[in-house]
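Each chain carries a letter (A, B and C) given by its place in the written order, and its residues are counted from 1.
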Amino acid sequence: MAKTRISLTVNGREVEELVEPRMLLIHFLREQLNLTGPHIGCETSHCGACTVDLDGKSVKSCTVFAVQANGADIVTIEGIAAADGTLHALQEGFREMHGLQCGFCTPGMITRGYRLLQENPNPSEEEIRVGISGNLCRCTGYQNIVKAIQYAAAKLAGATVQEAAE
Amino acid sequence: MIPSAFAYHRPKSVNEAVALLAELGEDARPLAGGHSLIPIMKLRLAAPSDLVDLAGIADLKGIREDGSDIVIGAMTTQHELIGSDLLAGKVPILRETALLIADPQVRYVGTIGGNAANGDPINDMPAVMLALDATYELAGKGGTRKVAARRYYRGTYDTAIEPGEILTAIRVPTPPSGHGHAYEKLKRKVGDYATAAAAVVLTISGGTVASCAIALTNVGETPLLAEEAAAIVTGSRLEAETVKKAMAAAEAITAPASDRRGTPQYRTKVAGVLVARALDRAKARAA
Amino acid sequence: MNDTVLTPQQRTDQLEGIGCKRKRVEDVRFVQGKGNYVDDVKLPGMLYGDFVRSPYAHARVARIDTSKAEALPGVVAVLTAETLKTVNLAWMPTLAGDVQMVLADGKVLFQNQEVAFVVANDRYVAADAVELVEVEYEALPVNVDPLKAMTDAAPVIREDIKDKKEGAHGPRKHPNHIFSWQAGDKAAADAAFDNAEVTIKEFIPYPRVHPCPLETCQCVASFDKIKGELTLWGTFQAPHVIRTVASLISPLPEHKIHVIAPDIGGGFGNKVGAYPGYICAIVASIVTGLPVKWVEDRIENLSTTAFARDFFMTTELAATKDGRLTGLRCYTIADHGAFDACANATKWPAGLFSIISGSYDIPAAYCLVDGVYTNKAPGGVAYRCSFRVTEAAYAIERAMDIMAHKLGMDPAEFRMKNLIKAEQFPYTSAFGWQYDSGDYQTALKKAMETVGYTGLRAEQKAKQEAFKRGETRELMGIGVAFFTEIVGAGPSRACDILGIAMFDSAEIRIHPTGTGICRLGTKSQGQGHETTYAQIIATELGLAADGITVEEGNTDTAPYGLGTYGSRSTPVSGAATAMACRKIKAKAQMIAAYMLEVHDDDVEFDIDRFRVKGNPERFKTMKEIAWAAYHEVPPGMEPGLEAVNYYDPPNMTYPFGAYISVVDIDVDTGETKVRRFYALDDCGTRINPMIIEGQIHGGLTEAFAIAMGQEIHYDDDGNVTSASFLDYFLPTAVETPKWETDWTTTPSPHHPIGAKGVGESPNVGGVPCFSNAVNDAFAFLGASHISMPHDHWRTWEAAEKLGLHA
């Protein structure tokens, strides 16, 4: 099938590429833009490892065609830290609270957390659990991921945070 | 994991979309949120020749009041439904149901039109539309027409929509203020389809049920309107015995599939239990 | 900083050694999306491989036509069994002494079995080409019921060995029989049962499940035609084993094979063995001279790679009427699927199943396991099972509850009465295992007190009365499990993989400026090895953990090891690390003494330095000693400061735990809510408590999923009906309970730092704890054993059978 040109912004950078209509956004990001942070964990749109932030929405990039993202503004895990490299509060929180083990779900989880905290800057534990219910993790049992997001919420709000995982 | 090839189109208006669908023929499919269609394309259970993306059509968005109805654009996402103060105030069952559909990411992209239109018995909105007695507004090459939700569903993936038509809006008669509502859904986990679910919309007057609609999800080839069950509770005070009779009437119309969620017998019985619980919650919410 | 100002505690703390909740080193790259997983590997000219798979569970392959696929632009090759036969690779040896088809050779034996391998320059083209391969099948009768596998009517699965009366593990009594394995003393056990006052016998199935790591299995094979060398990146929990196997089955010598296991997105035993995808990618790379990547999708992963469990255990206990256990028997049918590809040590076709006497002092015991072939995917040992320990623990813990109920005793009290006593350690079980250490009564007491056990039982009694009066439709269940694990495979006299002894290794090199590097034969898939091994070194050598780089997974640089599974990293490579440190420390001592101009015996180690005995102001820090090792060593000594240790453990280690859970079951929907889950684990010395807690959370979540809903289900035609996330139950953060973790510490007397390993304990103890809780809820109504998974509909059916819906 003939390729089509798309233009979009990815992690603050203007991008223009040729893609087949059927190219999934996740493959576009990983293969064509070499952004290998978002991962593929399933083919039925359940696991959320491919989650990116698209026009202010948490989206499973495996269930979107790159052509649908023409004109979009996308943030992946690679764009979560500040421009000078300072880690986002979420990235810090995941490390402080041991919110990751194998790291495979982590990019999608943090990218989802990034949008969740903008939807709701002070979520309860239950709201966090519902908020990340589109992201599967096999290693952590989620408990420390919840703590990581709570850490980040507190830090972003300027409150003092727990020094270390309990 | 990887779909077959197709050609992609992104019309800017409803007229353009239906013209394209007519021109491209039967193997062309409209693309709404894509979170039902794209997964089955990735499994190669569907291989459309063309996708007509409706995302660029402004007329398909928006939620507005129109007299005694509320009109919801078909491309309204579940996320937008949840965030609509108008709906939260006037048709709260929609928000409650949307929160039980899939997960946050899917809700950002999945549309009410997609959930209502394709005739997949696992979807949640169809039963709610039956309970609300909603009307579907369709547009095709021949013009526009309206079909009552209660007459729209025929079988699995078999609906009243004609090839080349798209759902443009859903028209919901605004339920009376003070009505009670509940969407009671049993599922194994977030993101799973309903083992069974029951939608109830009712009004209470002087302690008695003045009006009631009950509909069931995923216990038949289509969403099921439990008319007899609703008739049984209408005029009652939802006494235990009456509710039991209503449960039996609801169970009697089910014909669930057997899958990893359970046996048909189990799903039928659970549907009855969910009807009872939905009636209970709706009653508590009614003014 | 002048470090004589620091207190000993401060000096210890700044090392971040054993016991410290050290933040993880690997997190820095993972939270920034800079991990390096196999699918991140991109090489110039790289091709992509994809499989054509059989829709049939059992069929002859009459014809394969690859011409249309080969004609598709972008397709470079299509491999079939015929292609592989030219390099003698149509079949490959398994870890269990069997052989397995790489590509269908005349027959397919399970649904989704590999039939052809398409290689293209683009993964989208490869997917299209898969559809163009035409295969003609002739369906054969299917058997997916292991209990029927050895009947006369059962279809013969393995025609290739149907006349072989001897298998890899002894005589075969039927064409679908793989092995019989037994342990214990049958005569003593039979006598105990013949004379018993009370016995129970229960058929306890453990359904087939799948470990399902979030990253599927994948590899990149890159054969360099000029050098004649193969580089293989892959999801390998045991990279050295993969290298040795590759050299044994291919014409390539081992020194020309470079295996690299980079970051792995979860293993859980799914990534131990070799898969057809690896072999086909290697052959395709050799044939094309280009790198070939193979990445399986989720359905392929769930339906064809190493599954777990599928054990059918008829379990019996004998006891006196006042509750003293006198005997145990268990007969098991083990469903291995179409090929025996179990990742077990050679001498143990049923793994370490004979740990089934568990935590209890049972004088007479016997078990017999028959492995059988069915038309299902191959495997069996995976999913935090510690080599069939999960199966054994489930059987004994369910049996204990069933016996307690028959005796009219409380399940916790019945356990307390029969637990091996602290003074009995080291304890030799009726199966001959020498348990190294434990204080079981203290652990169980602590668990019971912490959860308020007596109060919970009182609450349960009140709720049962309320249920009978029709005041509630909820049943409360209390689950108790006290498990003993057996990990750290293992002593070479007992444990080998394909003849390679199951030692493991650590090679440590300290640099002149006092930091260093440690390479090991294990391979983390999320367990935090880059963080924890450095902690052992920090405590042993007095050099800050932050100064130690830890590397695993590159077979060219890492010393030989058997990899990470079965909770063996801490017991084996952790020991090797300590032992290598002690060699370095011995040398450091001599250098220090030389620098301080005293005799070797006149210096002693203190946290981060060697000091003169009786004169502690005279010392040399390890950092200073490191420099000296490269600058001026004592006459006659080699310069440098490094050591390697290959550790052959003298015994297994025996972590244990006491788990208690509380559930509330809605009998009208079958939903089970987990109210509370308390897990007390004893893994000996605790290297990093934060990481231990993370392992427990993860393992308990897997246990929750297994007990409450997971199943790899086959219908009678051999169709896998649960092979995608549409059906396979993976809980989200919403369903997953909150976990309470606690511990006791009884170090292992034979381990250099007393550590036992912990990764799999939560799955071993968690599953029976959940299952016992659900069963406990119904027990007062006279329910017989309710099998897993305890999903909504099965729990509802249990209630229906008891007439609770009338």
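Observations on the structure shown:
We take it that contacts are C-beta pairs under 8 Å (C-beta built on N, C-alpha and C of every residue); 3 or more make two chains touch, one makes a residue touch a chain.
Because the structure is predicted, anything quoted here is derived from the model rather than measured.
Of the two chain pairs examined here, A-B and B-C, it is A-B that is joined by more C-beta pairs in contact. Distance from each chain's C-alpha mean to the overall C-alpha mean is smallest for C. Spacing of chain A relative to chain B, judged by their CA centroids, is 30 angstrom. Centres computed as Cα averages put chain B at a distance of 44 Å from chain C.
Each of residues 123-124, 297, 730, 732, 734 in chain C touches at least two other chains. Across the assembly, chain B contributes 1-2, 4-5, 103, 190-191 as residues in contact with two or more other chains. Chain A has residues 20, 22, 40, 43-44, 46, 130, 132-134 in contact with two or more other chains. Those residues of chain B lying in contact with chain A across their complex are 1-8, 10, 31, 34-35, 38-39, 42-43, 51, 53, 55, 79, 102-106, 108-109, 190-191. Within the complex, the chain A residues that touch chain C are 20, 22-23, 27, 30, 34-44, 46-47, 49, 76-78, 80-81, 87, 90-91, 94-96, 98, 100-107, 110, 128-130, 132-146, 164-165. By the touch criterion stated above, chain C contacts chain A in their complex at residues 21, 23-24, 26-35, 37, 39-40, 42, 123-124, 212-216, 263-266, 268, 295, 297-299, 525-528, 690-691, 693-695, 697-702, 724-726, 730, 732-734, 736, 738-739. By the touch rule above, chain B contacts chain C in their complex via residues 1-2, 4-5, 44, 103, 186, 188-191, 195, 259-263, 266-267, 269-270, 273-274. Those residues of chain A that touch chain B in the shared complex are 1-2, 4, 20-22, 24, 40, 43-46, 48, 51, 57-60, 62-65, 67-68, 70, 112, 116, 130-134.
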